[in-house]
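Structure, as structure tokens:
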């Protein structure tokens, strides 16, 4: 067995068939996971659409302030975290280790900030009487169910992503992870951002007063 | 103990003692007798369509069974009402005898089974087909068991007093009641609406009468030693 | 180890421009929302903008543009196909309203 | 993220070597072992069910010990029958048909067949097995919880599965555990699918171009693509179902329900929504079960026909076409469900179109058998048996694909016969073929052929005795999922059910011959050589069983197409994939 | 071994097919019951077409497989294999042609049959019957003298007192004369319009003789119309798993002549 790193999908010329996409296995697996997860999110969004179409008494409770405004701020934070993630990837590729570490930490912090704002948002909704099974305005109860399950699923991805970023950032600084690992994490993080690009208009804006 | 058989027996005793007016030695305790009646028009009891279960439909082909929410007797009397001591109870003995609740011809026999807390009772399936027995308690634990034909009786008991509606999902018309009381002083009104509570020590009691459609009514009664009192509970009936 | 193709990229300046563009789209979405269009039209507008945004994110942020075309040609048709097939549930959703059990 | 397979050396401790092993071969065997446990449980459940269907008042000694409430006085109650049916279906579909041909054999042989030392992500591979195992434990726990195992079938149609205990026994904690178990299972399958895809695309040894991959590798690859997208839909569906049960949401439960005279607190959901989500996964799942089976059979058959299959590219095209079409047809499970009748036509046409690639594959097999000199062994017999049951099961698809006929046949034993033949028995036959064929490689010992042939004949005739009459029962209108046949028109059909029960008992008993053979051969069987079947693919280029890194440090180079049989080779009538000699076309 | 396999396969094929031709076993028929509905003819025709087409394919492919395996068994050592004449091409072409033509015809004709049942709505004179399924019984409701159905109030359902539908006769006059029965009685040769709804879980309405099956989904009112053409007594059974009593969930359908039906309806009206 040779010492060539066989799983990167590169550098095994002469020993392995070339991967049809010319990308490391980790990246390919992440892309596949992203597609699969996209299907999961679409399924949940389809459930939301299905129930909304079938409910004549759908509530549209969101006012510009505070909910939509908060949503815009959250969108801004998440998009910015995507940008810092890109900076981390660029830095890692160029081999600037400390810069890469810094940008990764910044991304994780922005992600945590997003999650915090989101939880405050949830708290406000719960104070207003929204539950998975309850609509304080008397309309369809599916509003709470759809809102909490879709945003909850997304929040779960954000929290998971923040943890992954922290692990990768520390590992990257210590040398356990390389620039490819940073890039793969980046794909996941951008995907979380991408999902939000659907959640924000469909769950927030479509329910604005 | 079979309440169904006991009621006519008590009735016979009561009537004979009243008619003969033989001087009997005063019993150990006081007695309350009476009748359950109604005013107004009760809902018409509907014949039950059992065609879904050919065994039962055949059994009742001659005279269809009627629903049993309001079973009225001569003179606006009500059968299947339960009278019991709801306050001031003393001298109750725990129920130890195992009662029997039969499923026969797609009907519950008896329609109302009164039992005491922790008193065991047996559920028997005398029909050649499946029944499931599903009491719907709110306080006691709920269970729902099916009894294929030929399986041994189920023995159950309840540990909290409650009025429990009983149904069979396979034959949705089947409907009965488990009345769980924490007194041994109770009676079920017979086909002429009469009831008798015996062996009550002297004192002040609250008697409550319960009927499944019309709810409950309470009356206070004070008994001296060996006294027999006669009271009537009258429910108001509506046609629908 | 040779430099993988994905290492080539346009640099941060370009990504900042894309980021500003995405924020603008979000701004457009919000402004459309508060013009109080009928829900159906609003939905169409928002979906078009969301897909545009998502496309930009996939294409530039996730570096799909900088991978071999085969990757995009393998992944995206699969996703589009599955999501397209899921659309078969809508005819039932629309029937739900007219066939609801009227309980009162 | 990426774990290089060679970074961890061969482990030495028992736990790292056999339990929490990252070696794909051990994991493959673990999957197969789990599948065998599940299939034995599932088969015993089917015995109990069949006994009850034949003689519904029969007391089965000891049954009361298993469940005092489910079988008072050893007589099965209808709810216990339905619970056993649900567990049978769930165990078989998820833990046998998905686990063994796909995850089990795939894990063991996919890396070897492409010449890789291990999977792309060995630790993730270990995780997906143990997540599967957790799902299995959670499901089995449902047998022992108060309220009993779930009874709403492996399809768990809401609202029966969603409203909780009030809808009857078997709908309590057991049903929640079912939902959790399947959700966990989905996660495991997603991890597995990622691993399979990455391994197939990235870890092929030199010369192993996509076109030179064996059929089985192709089938596992296509299956993992299907699984990647299908399980992604079942996962949220199960989570939402569990939310309906425990958190009071109403995704799948409409308003105004009165169960046992009690109004339910739910409002506004849609039972059809669950069916759509479930079958969106459910139909691809059918192909997740059968495509690896097709791949395994197509891989084994040429070694015994001693000739290559007809049209290998066409066959792979058929597999891909079936996988593609599997996403377009889920509505044929819902023709009578109250779905929009216009959609029915939309789903019916692609369903019928699926029969074209399936027919092409079948004809290619039959055409390949023509003109061969078959080496009859247990593996080849099970392959031939597979073709036969695949035809029998596939043909009935013509009926069920048409909504107008489905109106009559839906939910009858015709459907039971159809999917047991095409999905159950066919896939099981492929598993048997796989075990008889590959066990020498997996444990280094040959299986006993005599016992194997007895096993084959009893099983082959047995399954026809069990499932062929079911078609006719279905045509006579015999409804499925009935605990007993008390209806006027069903009661006369009971003798057929008794016949089927006896056939099922005998066929089931025959499987113990197999189990005995398996255990005996594992320890006492004659030692296997490196290539006992004179087959050509890469797994036969290494020792039996293969060493930890599969090829003992050699880096194989592939020179040939996978199925060069019936040619003049240096080793005989075949040429190994690794052989550098030049071969003239036949 | 090959001869045994071929022989067993051919025996299995012959026996399996034989039941199709001889399906009457004394009191037990393994075939479709009599067709008692107007659209049933189309369904039966479609089923027979499919039976012939796929039966042909079944017998052909099984016998070919058996034959080839039989042939393959006594070939000499060192046999040089033969390729099927033409290779894969005839297989692909014949599969596409044979199956393609079959499925084209089937889906075209079958869709017409399906459309005839489900794409049309009932004619104006159809007799409306309201069907409610619940664990584990069907109940049927006729509009009564006033021709109007009372509104449904699920919260008023009380099976013990016979209020299976949740009618409110106290406040709703239309409900007072509604006829609720457990056996569905219909006149022959007159179109019936059922409105199916369920009070708890999914059930199904299946009458073999009518060639009709339709799930009854809670929360939906599903219309279904048909015309019975033969008088008789048939069973309506539930085919969607609904709980422990699923196998006992049934009702009878009595198809009577118009006069008998009118008389039955009069009796029922009088009983209200």
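A few notes on this one:
Letters A, B, C, D and E mark the chains in the order given here, with residues in each chain numbered from 1 onward.
Throughout what follows, a contact is a pair of C-beta atoms (placed from the backbone, for glycine too) under 8 Å apart; a residue touches a chain by one contact, two chains touch by 3 or more.
These numbers were taken from a predicted model, which means no experiment stands behind them.
As a matter of contact connectivity, taking chain E out of the picture leaves the rest undivided, in one piece.
Listed by label, the chains touching chain A and chain C alike are D.
The most distant chain from chain A, with centres taken as the mean of CA atoms, is B. Of all chains, the one whose Cα centroid sits at the greatest distance from that of chain C is B.
A simple rule picks the central chain: find each chain's mean C-alpha point, then take the one closest to the mean of all protein C-alpha atoms, which gives D. Between C-D and B-E, more contacting C-beta pairs join the chains of B-E. One simple way to say how far apart two chains are is to compare their mean CA positions; for chain A and chain B this gives 64 Å.
Rounded to whole angstrom units, the spacing between the C-alpha centres of chain B and chain D is 56. The centroid of the Cα atoms in chain C and the matching centroid in chain E are 44 Å apart.
Taking each chain's centre as the average of its CA atoms, chain A and chain E sit 48 Å apart.
Looking at chain D, residues 77-79, 168-169, 229, 233, 254-256, 260-261, 269-270, 272-273, 280, 342, 486, 488 sit in touch with two or more other chains. Residues of chain B in contact with two or more other chains: 129-130, 132, 144, 146, 165, 167, 169.
Residue positions of chain C touching 2 or more other chains: 78, 82, 86, 89, 92-93, 96, 100-101, 103. By the contact rule set out at the top, the touching chain pairs are A-C, A-D, B-D, B-E, C-D, C-E, D-E. Residues of chain D that touch chain A in their complex: 1-6, 116-117, 120-121, 190, 193-195, 197-199, 201-210, 228-229, 231-233, 235-237, 239-240, 243, 247-251, 265, 267-270, 273, 277, 280, 549, 553, 555.
Partner chain D is touched in their complex by these residues of chain C: 78, 81-82, 85-86, 88-89, 91-93, 95-96, 101, 103. Residues 43, 46-53, 67, 69, 129-130, 132, 144, 146, 165, 167, 169-173, 175, 213, 238, 240 of chain B touch chain E in their complex. Across the complex, chain C is touched by residues 151-154, 197, 218-222 of chain E.
Across the complex, chain E meets chain D through its residues 1-2, 5, 8-9, 12, 15-16, 19, 23, 27-33, 42-43, 46-47, 50-51, 53-55, 57-58, 61-62, 64-65, 68-69, 71-73, 75-76, 79-84, 87-89, 91-92, 94-96, 98-100, 102-103, 106-107, 110-111, 113-115, 117-119, 134-135, 154-155, 157-160, 166, 199-202, 204, 206, 208, 211-220, 222, 235, 237, 239-248, 250.
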